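Report on one structure; see the data block that follows.
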Amino acid sequence: MTVTPATGVDFDSPEHQERLADLYRDFDAVGMTPLWRTREGLMPFSPEPRAVPHLWRWTELHPLAARSADLVPVGRGGERRAIGLGNPGLPGDPYATPTLWAAIQYLAPRENAPEHRHSQSAFRFVLEGEGVWTVVDGDPVAMRRGDLLLTPGWRFHGHQNVSDAPMAWLDGLDIPFVATTDQGFFEFGPERVRDASTPDRSRGERLWAHPGLVPVSAAGQPQPSSPLMAYRWAHTDAALAAQLELADEGHPGVLGPGHAAVRFTNPTSGGDALTTMRTEMHRLRAGVRADRGRTTASSVWQVFDGTGTVVLNGAAHPLSHGDVFVAPSWTEVSLRADTDLDLFTFSDAPIVERLHLLRTAT
Amino acid sequence: MTVTPATGVDFDSPEHQERLADLYRDFDAVGMTPLWRTREGLMPFSPEPRAVPHLWRWTELHPLAARSADLVPVGRGGERRAIGLGNPGLPGDPYATPTLWAAIQYLAPRENAPEHRHSQSAFRFVLEGEGVWTVVDGDPVAMRRGDLLLTPGWRFHGHQNVSDAPMAWLDGLDIPFVATTDQGFFEFGPERVRDASTPDRSRGERLWAHPGLVPVSAAGQPQPSSPLMAYRWAHTDAALAAQLELADEGHPGVLGPGHAAVRFTNPTSGGDALTTMRTEMHRLRAGVRADRGRTTASSVWQVFDGTGTVVLNGAAHPLSHGDVFVAPSWTEVSLRADTDLDLFTFSDAPIVERLHLLRTAT
Amino acid sequence: MTVTPATGVDFDSPEHQERLADLYRDFDAVGMTPLWRTREGLMPFSPEPRAVPHLWRWTELHPLAARSADLVPVGRGGERRAIGLGNPGLPGDPYATPTLWAAIQYLAPRENAPEHRHSQSAFRFVLEGEGVWTVVDGDPVAMRRGDLLLTPGWRFHGHQNVSDAPMAWLDGLDIPFVATTDQGFFEFGPERVRDASTPDRSRGERLWAHPGLVPVSAAGQPQPSSPLMAYRWAHTDAALAAQLELADEGHPGVLGPGHAAVRFTNPTSGGDALTTMRTEMHRLRAGVRADRGRTTASSVWQVFDGTGTVVLNGAAHPLSHGDVFVAPSWTEVSLRADTDLDLFTFSDAPIVERLHLLRTAT
Amino acid sequence: MTVTPATGVDFDSPEHQERLADLYRDFDAVGMTPLWRTREGLMPFSPEPRAVPHLWRWTELHPLAARSADLVPVGRGGERRAIGLGNPGLPGDPYATPTLWAAIQYLAPRENAPEHRHSQSAFRFVLEGEGVWTVVDGDPVAMRRGDLLLTPGWRFHGHQNVSDAPMAWLDGLDIPFVATTDQGFFEFGPERVRDASTPDRSRGERLWAHPGLVPVSAAGQPQPSSPLMAYRWAHTDAALAAQLELADEGHPGVLGPGHAAVRFTNPTSGGDALTTMRTEMHRLRAGVRADRGRTTASSVWQVFDGTGTVVLNGAAHPLSHGDVFVAPSWTEVSLRADTDLDLFTFSDAPIVERLHLLRTAT
């Protein structure tokens, strides 16, 4: 028998249980839910994501994407031949994590993906290939191996493949976050990209891709996201190589021993290139093990080059070219490089960091 | 027959449909979802919240909360006699909106709600009554009619009712947002509040509740959330009254004709008092109509005093003392005051504003 | 003989000295100055201000100001009966420090000081008396004992004494800084204050002097300087008293043992109330000694109440009601309270802090 | 006879004048200065700088600097063979403007300028030549034609010329501002640069000179000044050329017709590279006229390449390679290019902008 001093009530009695059942029925009728019956689920001691750590093999993803090119055209309505990677822990929603969407996009030779714009922020990371231009607010941006291309929110963008080879890449968006918080707006643009030219460098790069140099016409006016739409592999590769060389010479710069990493940033503010997603490239030397610990940011990773292993909450997954894995909040992540290993990653860190919620543990 | 020039394929043919079905099966097997089959749902033209506009009557809520006091003790585990208001559009989750949790908390005479802390930010807004002290990181804060009391994230807090009358109030938290983004941490504190004294003013108020004055010992160090844990009704009332008087004298300050409003802010930064929730008090003079338009922030409102009507997406709901209504993202909100009408409101505006997603339309 | 290996030149030879003299003459002709002849003066090992620590007695200042009221009218052109306190180390310039101007302003019964505006920021601190209203951009602000009244840059302002008693107060401005950097603009306004009413509270106070409460119509828009033009003694006194009481009860808040201090801040940002000057009120309990160390900010202090001693670079000066002293950059300052001692102070800390030049030593 | 109604006093009477003279004598004795006798000088209607617009010819400056190399060694104490350009309007102080110091520094073959550090921020802009390395906190930075090299405050730095040719360059510092505000600290370092190696790229460039890429080890931590110590001519030239090409193609980016300009920024914040000085490179096409209007920032300009004319407050000065001119606050500046014209400029804009004092007029 449980009796509280305050009331003298016998909580185990059948009468009490019946009155309680009545109460809960009445709660239900007006949509009330007692915290005392749900507290643990609503407010866990530490994050208990429904999303699970998971890895997709490129050798599986790419052929499926290629098959769809034979069967499904790209056009107005569907908009993109993009296939989202759905976290097994989030059935029903094609979400990699509760905030992030990751997809393989595939454009067949000579195809055109029509222009549109949306509040969702997006980027493309190019694992391999070339021949596609993404046109962002009228500025054609070449897409080539190793490049990161941005489409910040509410910019018109379309893609065209001017080559005779198909091209596939990784799309990252904040679709789940924008969907959950009901912030989405969407608008169609022209059916074909508005500028079909194929310049080597975009206009944004010509204005902004000079280290530390900012046009005076735009200086002193921080923009929410980067005005630079393309981060080229040659620069990323050089920056990573330099960090490791500096470490060899005894100087700081690397993130850890044998572990170089660069973040893609907005030159007008020094902050993340996109408002809602952090994008980084990591390089581990052959033989290096990088224990990343835990963070409450959720992240998606893609192997750009090399082989190794990732251990997610204790479970090891071999890593090869193009493989994509996801680390939900508070997943313990450890990376091991068999060969030199380059990994691209994006996460929702800017969201939780700006709200002072981000926590890490090592 | 639909034939794309690019492939010459007849998409309507049975063979094609079969191959497509095969493809979708294979997609499913690895958790891939084509954007072209889900785009519209994932990326609507404008926000299409599952949450719906809804109003709960205080005359229903309060008796139910009171009944639970006879039947359910407050104690470790359940932690609080708080009953969440679940949006009818979000069945299964006791959430007012996808980001906000609103609950009626009820503390019987002489009861004590044990201490705990969590990453979720919280506040209490007191519709009526007094006699309860909430103890925040050891600082006892009296709760009285019209007061807004804060519990920023990760501060230990418990409540005790030292009076012979029960007390009920509105709890607001960012539980849904923290749950969705997997940012939750939780820790138990002492079973009884660590300081049982019942001072008239909290220590935080004694340090911080002086207009424009900041302790030099803490100056120049912006804090993420407010160090002031209590915003007293006397101040709020005076600020609202002054705005209306100034308008009568021909001076600016009101939000609209006959419509005064104050925001509760963090004196160390001038920003919102809490990191994830905006809190405001609005006053409409009798006869005034305030068309608030739409905003992508979702909000919850409680009538503090007076009567009137709220029109949510065209549906009118009468408003009386204590009634709670919710306006999901992009709901058209219009307020009408029959008598002088005071409304408390909170929203997720800081979340979407910091991420440059907030939009409004009038 | 000094011979440098590089040149083999004998620098001590008469020929060399002659050639050098020629060179220096030629330098002079085009306005060139060799760093090697001036480095030590231009770039000292630590600040070597020309300004010196100094104290003025109120018993001297006030009678002189009063005498001027009989002899000099207040009017257009001269604008103000304000008498600047010139640092003895800065002869020729009526500057308290290289950045700060401090003056006694005196308004005879029924006098009116005409309106003007200027880029210089200003404040008034009232040692004693009442009966004057300063009208800031049309908003009449009562001036009374212990109040701090602001006139941020480029706001029209005039003063009128509606009483039969004269009134004197301390004026603080950034005149020297604005003069040195050539940033000054000035404009005449009406000859008489544009609103001659004498309300108890200014409109700015009615909108902004509510702790933590901000009009929604102005929220989320940080302003460079405070929209609150008056910080009332009752609030300042209460805030200081509370800090000391909290310390007695074992809680933090004071700046040091027996030493309370508040900073006057801008409620829209939490930063300093004025862009170029920091303003604070300090209270030392009888018997307390506060070693303030050194700071590169220069400051001016006025005794509001009580007696004690200030030691400036080792030289002790007794302190009484109204006395004004100045501590140039890097002056060692130590305060000792005989009775309870209240001191108002202002400094150029915001200037050097924003430029990352501020240094302190204890 | 001037009689004020308030006092009935005849201000023109000999008695009155005598009493006034007495008062002013007594004011003087305690260092008091009446505002009414100085207002106009202290608070002009618009900036009235003592500094004057002025131009120095490189053909005069350079030979004088060269002569000093034969006569004066570089070494501890004098520290640098730097010759400051003194504004004719500021006799006695070797200052270009009240806030800026500009000097020609000259290093003979094989010479070494010893290491030191100071709170003053500094940069070097290289008009011509190469062969000198400046070593900043142990990082050797090559200096070559067209480069901008930084020495933010309190970094140890020395220079060594490893070549057989002398080298001259423009030094810019905030010496006057730091001197006036008494913020200067200075410390000697080793007599010879601590790292005598002569790498092509500094370590800072290897870490930071990648467009939009930031080492993750330093990301998310804005620094007051740029961690990038060298802005290379090749980048600056390419950025300027691209702006003009984009304009030819009909796209935005230039500052005005035929007028390209880049600002040197801090990649961790997007703000100015140095805390107290703005640095920019401007390029005018042959035939272009750029009316810059007035600004309250004072600036110094050096012709890097080409010929033209600058009109300063209406006075025209021909411009040739290396010429240096100064525009005090509120000087009207107009540039005209005869040939393509490249100009380097630095100003005190960050100082006055951060204090909300900056004004411009066109």
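Note that the chains take the letters A, B, C and D in the order they are written out, and that residue 1 is the start of every chain.
Basically, a residue touches a chain if its C-beta (ideal position, glycine included) is under 8 Å from a C-beta of that chain, and two chains touch if they have at least 3 such contacts.
Here the structure is a predicted model, which is why all the values come from computation and not from measurement.
Any idea how many Å lie between the Cα centroids of chain C and chain D?
Here the centre of chain D sits 28 Å away from the centre of chain C.
Cα centroid separation between chain A and chain D, in whole Å?
That pair's centroid distance is 44 Å.
Determine the centre-to-centre distance between chain A and chain C, using the mean Cα coordinates as centres, and give it in whole Å.
From the centre of chain A to the centre of chain C is 52 Å.
Residues touching two or more other chains, restricted to chain C: which are they?
none
Draw the chains as points, connect those that touch, then say whether the picture is a line, ring, star, complete or other.
ring
Go through the chains and record each pair that touches.
Pairs satisfying the touch definition: A-B, A-D, B-C, C-D.
Along chain D, where are the residues that touch chain C in the complex?
4, 6-7, 9, 11, 16, 19-20, 23, 26-27, 30-39, 42-49, 51, 54, 56, 60-61, 64, 67-68, 70-73, 77-88, 94, 98-99, 101, 103-104, 108-111, 118-120, 153, 175, 177-187, 224-225, 275-276, 296, 298, 328-330, 348, 350-352, 354-359
Where on chain C is chain B touching in the complex?
203, 205-217, 219-220, 222, 226, 228, 231, 235-236, 238-239, 242-243, 245-246, 251-255, 261-271, 273, 280, 282, 353
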